[in-house]
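The same chain A turns up in both complexes below, where it pairs with chain B and then with chain C.
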Partner chain A sequence: MSSQTTAPAEDVAGGVTETPRERVFALLQRQGGPVVLVLVVLLASIFSSGFASSGNFSTILVGNAYISLLALAETFVIISGGIDLSVGSMFALGGVLAAWGMNHGGSGVAVLLPIAVGLVVGVVQGSLIAYARLAPFIVTLAGLLFARGLLQAISNEGSTTYLVPGHSVFAFLGDGTWRPILTAVALFAIAAVVLVRTRFGQALFAIGGSENAALLMGVRVRRTKVFVYMLSGTLAAVAGMLNASRLQSGVTNIGVGYELTAIAAVVIGGTILTGGSGSIYGTAAGVLLLAVIQNLIGVHLSQYGSSASDLVNGAFLAVVVVLQSFLARRRAL
Partner chain B sequence: MSDSSGVVLRLDGVSKSFPGVRALRDVSLELRAGEVHALVGENGAGKSTLIKISTGVYTADEGEVRLLDAPVSFTDPLQAQAAGISTIYQEVNLIPLMSVARNLYLGREPRRFGLVDTARMNRDARARLREFGIDVNPARPLRSLALGAQQMVSIARAVEIDARVVIMDEPTSSLEKREVETLFTVIERLAASGIAILYVSHRMEELYRICDRVTVMRDGQVVGSSAMADIDRLQLVSMMLGRDASDLRQHGSTAFAEGRDVEDDVVLRTQGLNVRHTLEDVSLDIRRGEVVGLGGLLGAGRSETARAIVGALHAESGEVAVNGKRLRRRSPAAAIRAGIAMLPEDRKLDGIVPGLSVRENIVLAALPRLSRMGLVQRSKQDEIVSFFIDRLQIKVSSPAQRVSDLSGGNQQKVLLARWLCLHPKALLLDEPTRGIDVGAKAEVQGLIEELARDGLAVLLISSDLEELIEGSDRIVVLREGKVVDNLTGDAVTDDNLMRALAADPSRSDDAQPAKDSS
Partner chain C sequence: MAAVAAAMVLGTAGCTKSSSSGNSSSAGSSSSGSSSSSSGGGQQQVQTAAGGSGPACTSTKYGAPKLDLTKVTVGFSQSESTSNPFRATETKSITDEAKRLGIKLIQRNANANVSQQNTDIQDMISQGAKVLIVAPENSDGLTPALTAAKAKHIPVLTIDRTVKGTACSDFIGFIGSNFYKQAQISADDLAGGMGGKGEVAVLQGTSGNNVATDRTNGFTSQIKAKYPNIKVVASQTANFDQATGQKVMEQILQSHPKLTGVYAENDTMALGAIQAIRAAGKTPGKDIKVVAIDGTQQCVQDVANGVMVADVETNPRFGPLAFSSLQKFYGSTGTSTKVIIADHHFTKDNAKAALSNGDVY
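After this line comes the complex of A and B, so read on.
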């Protein structure tokens, strides 16, 4: 009772159940992404000429700024124990809606329309998951198809590409080098605060950790779930909208498979796929790691194209997931 | 003790039905400020339903719930909590991956400028938990605490919500003796501060120790309510069971082991089991028809011994032999083939497959034997299933009933049936009666006795000393993973066992002095 720092394990009967080895694994699983990212960047800077240049860095960052927001959205959903497969489609739809809005009403519509549609689609998905108790996988798969279909309808089966006039207010929004980077950094920072320092964030961890216990502890489980899918849908549409501003066009065939890359980045960042544990900075590391690997392969292994980067990313993901399930199993014993 | 008759929570004529079941019939109950009110009854008596109605998980079909004399109708647990009704469930219902402090304050985190004030939360949590006898770093994940400490966290949480009523559903079932003492101190303090406590437990000693009044339920109705002092144990139990008190005596300490011979041939021989950090040189023989009790405090390595014997826990060294034949491969499958069956401690986690029917759960382990060329013979299955339902008196509406709908006692019998249909030679029972009501407990204990009489070698692990003493021919005592005592014949007494468990030096002719000399 006297000493506080050394006594705990004695005072609590049974004490700690985590062995040192488990702690190392847990650390590896949680911090593996950031650590590997630092290593890869260091090694690439030393051995790959041209990698460590401000030009290349800004290419990597700008090229991934808006896509990274999909991983951000996915982090919230996955921590809550769910999954959102619709973010890639919503990304594309957001872009097309913004460009269409630009042509049918100006910058205001271009900004607000994607937000509104993302919100509505998110709420519908969330409600189906929370209130009708449908599986997130199925609901958001339907959302994926729905968003893609809506996009096709607006763009006349993809044949019409709406352009954004370069001098418009809307085109200014997502353009440049610093604006995309700072937007992404700001949103990641806000997200980190929301996740760790708000009751909503805590509720997400609680629901993902044990939905039943969360319910009994008085967490508003259903409302929180609706909110998280709303957040995810809106964020994905906003990302697409910003991307359209940068590209000055509502590209119709963009975003296919982005949800899977986003999920991969989240998991590589140490967020557990079954929910209840994860971090924003881990996701940031996951996104950057995938982007850096892609960049390196683009430079050095360009003859293999994207297949090489998919191969490397896939292998990396497999290692992380194996580590996760290994940890989970050890804890279950 | 307190008789202020200030009724805090009143249930008046509450009824609740589920499809096919009338769970509660015209139930009335009064909880007064500052009292510890025991709620007892067999499984299926309606205790859980009553609790769930009081806490907003269910809504009553008829009748009224009044809190501080105002009618309330909760539709979810949050409303009940906000109104001051907190519940502590039998199994710890917190989030294992979240930190202790975050669990403690989930939904009520202290905030500054709209954001959670983590530093203050951790500080508050530490101070609060000290009052409950726990001194841990509150930033640690809850999972890393022992079960008893986790339970304390959930109690601290319940009290934290300015509770007027605290409902405790078997709070001590996962606690060690020392932790139970801390809990009782806490309960007394809560009661003294005017909180009404509804205390559900199967443990008689606890009820008499801390409860002021008792309400007995049976078959969805209240069958009696009385001051604790005005009712003796036998009356209480017979009221719960709705049976004549004299029936119960048969399971008392006098009946066991009489008229049953322990034969001399060793069925299960375990020699020198070593599991790192857990077991040290554990050797154990069980003879035909013998029930060997395995005594020890929490963490002494009782469950681990059973798990190491069947190969569910990897042992670095040691041998297990059945009828003199050494097991070469050590795995649960090999153990089953050799005739060792184990009933695990945690029914939900390790045993019952909740989505399956009673039939499927019973034949699960026997499927390989019942199948011919990969196909399972249905008629053979039915035969076995109905035999065991009958033999173990499993109360089911039909073999097709989902096992998750059964009470704990009946689930345990289903598990027992599963292993018995493999015709095992040795049966390892890990806490076979934990969490099941008195009636079912007596039945399961009776069954164990019968099985031993039929020639089975039984290893019985139980935290219930009474059960251990009454139900065993011999008790092997473990402490810190080592066999420290072997009580046989007349030496199997409360006193000796307690001494062995507590490492009392006056009997330590065989034991090394324990590390903690308290």
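After this line comes the complex of A and C, so read on.
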């Protein structure tokens, strides 16, 4: 069990003797996402003309910068053995709250309001999961509905789209090419450090591995759980807020199904859905892999209609996940 | 195992939001190959009265370099899944017309995701598109894409839904239906079917774009102005979606048992509503009159059979009109910034003939 965590210290202390074959499988399972990403990018650069251009790369990166933060939030939650289905709705709510705040107080409100609401919703969800011992799936499904409902309430059943003036400070925040990319890179880097180098990060691995064992080890299980859902809610709302700044409007019908894309990116990145194992850079690779595939499907399959795109997208995901669970099982034997 | 399940769910997630009527007819009547013949349903016709209702826009005025359309790449950004016959026909019409004119076309489908559409558009710009035709998913969320296009002096023509901004500056103009008028016609049809009195429910479309807004306002204002004995007792959104339409209709039928009329802002919601009416033990067309907008095959069939009172068309065959507008844009005359098309209106009298003529998509 202990060798499942990616924390470097744990790897060495795992103590289980592995054959070279097992080690390759272990590596593939953990590095599967990055390896496939490199492979796909290489193949696309050779066979798809126009793929390997700075314009195309920056489009892929900018277009996925803020959505990638949902996968980042989800990584923390899934490592702790939970799941957060509310991130897509929180993303939409964060955007609408920001745009609403822009129209009812200015840039300061636009930034702070989504953060506050994301934080509160996260704490409530976390408390219900940690203290009332409710299933994360159910609690965050309720959160999904609640956030969507709140969005509908402040946007007149979704029919009012609040606009962000293009010259405001808030619009500057998420605009441009480099700002979204650097924001995402910075947050991923901070998250990686938090996950591997802090007590909180280690507690997440411990809880995800075995909650009882973590409790016996003296980990503050409940407090950590509240904190991880708070982090997830806040991050999702911030992502939505930044996206609203980029779109210069609080789009109301955005974010549907984003939680599933986020979960898929996390899983492709090698984080195990049952918790206890995972990495931030794996998630980054998962996000990029999905984005690159989406880009390639757009270039080559759009002309054949949505059904062809959906088919290939679904088939590819199924292959990646089946492969990964196969590798994971080989490891466990 | 759970991981596999998650991926499976995701596989279908791409199309869950788009309205699908389950009838992906191959749009045999679309414009393939033919020049602008004046046949009944096939081609889009510019409404004579409102023909060039906007001021003319030329490439010089727009600040875009003069181009020969046949020598450059044109990009087309579709907003929603082509599992919806409207979207399928629209995409086919654009593709066919580009082929006929010998224009190189690249395209993307945003699957009802406005963030994706921004990426799609920027993507096509970096892929070398010099002119863009955009079917906007949302009226307010395309600022980054439009800004990027403007920075590179790439003109954008919007079809079927409008975007915010200034015509002939942020985008060339708009080609599409008069959604307000469509709704007014539907109101007249429904009032006629109900004998000018009774309780009506409205199934609204997805919020956040001008289509749903105009179709709601046009209907309610027409009822208020002309039919004092008709009361709109419920008005709820069903997201242009069949399953949602059915669910919402079930609830409305329970809370308003005396309901005798339904106005659905698109065909797929009407199909859902009809299922709900039948499930409640009532007969659509007899106990409860149904009208809708879009003119897809299944609903026009229902009109012919008397299940629905009438259906107003939203003609999705944008190809010929879009490309001729672009050619005028690069010519000396310029193109109108607001081209409103004349839509068909299917009633019991003409539905059967329209179906057999292949005028319905």
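The rule is simple: the second predicted complex is superposed on the first by the 282 of 333 C-alpha atoms of A that agree within 3 Å, B and C clash if a C-alpha of one lies under 4 Å from a C-alpha of the other, contacts with A are read in each partner's own complex, and residues count from 1 in each chain.
We take it that contacts are C-beta pairs under 8 Å (C-beta built on N, C-alpha and C of every residue); 3 or more make two chains touch, one makes a residue touch a chain.
Note that the structure is a prediction, hence the values are computed from the model and not measured.
**Student:** Decide which partner touches more residues of chain A, taking chain B and chain C as the two options.
**Tutor:** Touching more of chain A: C.
**Student:** Per the contact definition in the header, classify A:V251: touching chain B only (first), chain C only (second), both, or neither.
**Tutor:** second
**Student:** So, A:L323: does it touch chain B (first), chain C (second), both, or neither?
**Tutor:** Once the two structures are laid over each other on A, A:L323 reaches no partner at all.
**Student:** Is A:N313 touching anything from chain B or chain C once the two structures are fitted on A? First, second, both or neither.
**Tutor:** The answer is second: A:N313 touches chain C but not chain B.
**Student:** Once the structures are superposed on A, label A:V35 by its partner contacts, choosing first (chain B), second (chain C), both or neither.
**Tutor:** neither
**Student:** Contact-wise, after the overlay, does A:V120 reach chain B, chain C, both or neither (first, second, both, neither)?
**Tutor:** Neither partner.
**Student:** So, A:G50: does it touch chain B (first), chain C (second), both, or neither?
**Tutor:** Second partner only, chain C.
**Student:** Touch test for A:V193: chain B only (first), chain C only (second), both, or neither?
**Tutor:** Once the two structures are laid over each other on A, A:V193 reaches chain B alone.
**Student:** Which partner does A:G276 reach: the first (chain B), the second (chain C), both, or neither?
**Tutor:** Touch status of A:G276: first partner only.
**Student:** I'd like to know which partner A:I181 touches here: chain B for first, chain C for second, both or neither.
**Tutor:** So A:I181 meets neither chain B nor chain C here.
**Student:** Which chain A residues lie in the overlap of the chain B contact set and the chain C contact set?
**Tutor:** Chain A residues touching both partners: none found.
**Student:** For the complex, which residues does chain A have touching chain B?
**Tutor:** Against chain B, chain A makes touches at 1, 4, 7-8, 11-18, 193, 196-199, 202-203, 205-206, 209-210, 212-220, 276-277, 331.
**Student:** For chain B, which residues count as touching chain A in their complex?
**Tutor:** The contact residues of chain B facing chain A are 57, 77-78, 81-82, 87, 89, 93-98, 102, 106-107, 109, 111, 114-116, 118, 133-137, 143-149, 157, 176, 178-179, 298-299.
**Student:** Looking at the complex, which residues from chain C come into contact with chain A?
**Tutor:** Answer in residue numbers: 1-4, 6-18, 78, 81-83, 87-88, 91, 95, 106-109, 111-116, 118-120, 122-123, 125-128, 138-144, 164, 206-208, 212-213, 237.
**Student:** Of all residues in chain A, which touch chain C in the complex?
**Tutor:** 50, 53, 55-56, 58-60, 62-64, 66-67, 155, 157-159, 161, 163, 166, 175, 243, 246-249, 251-254, 256-257, 260-261, 263-264, 267, 272-274, 294-295, 298-299, 302-303, 305-307, 309-310, 313-315, 317-318, 320-322, 324-325
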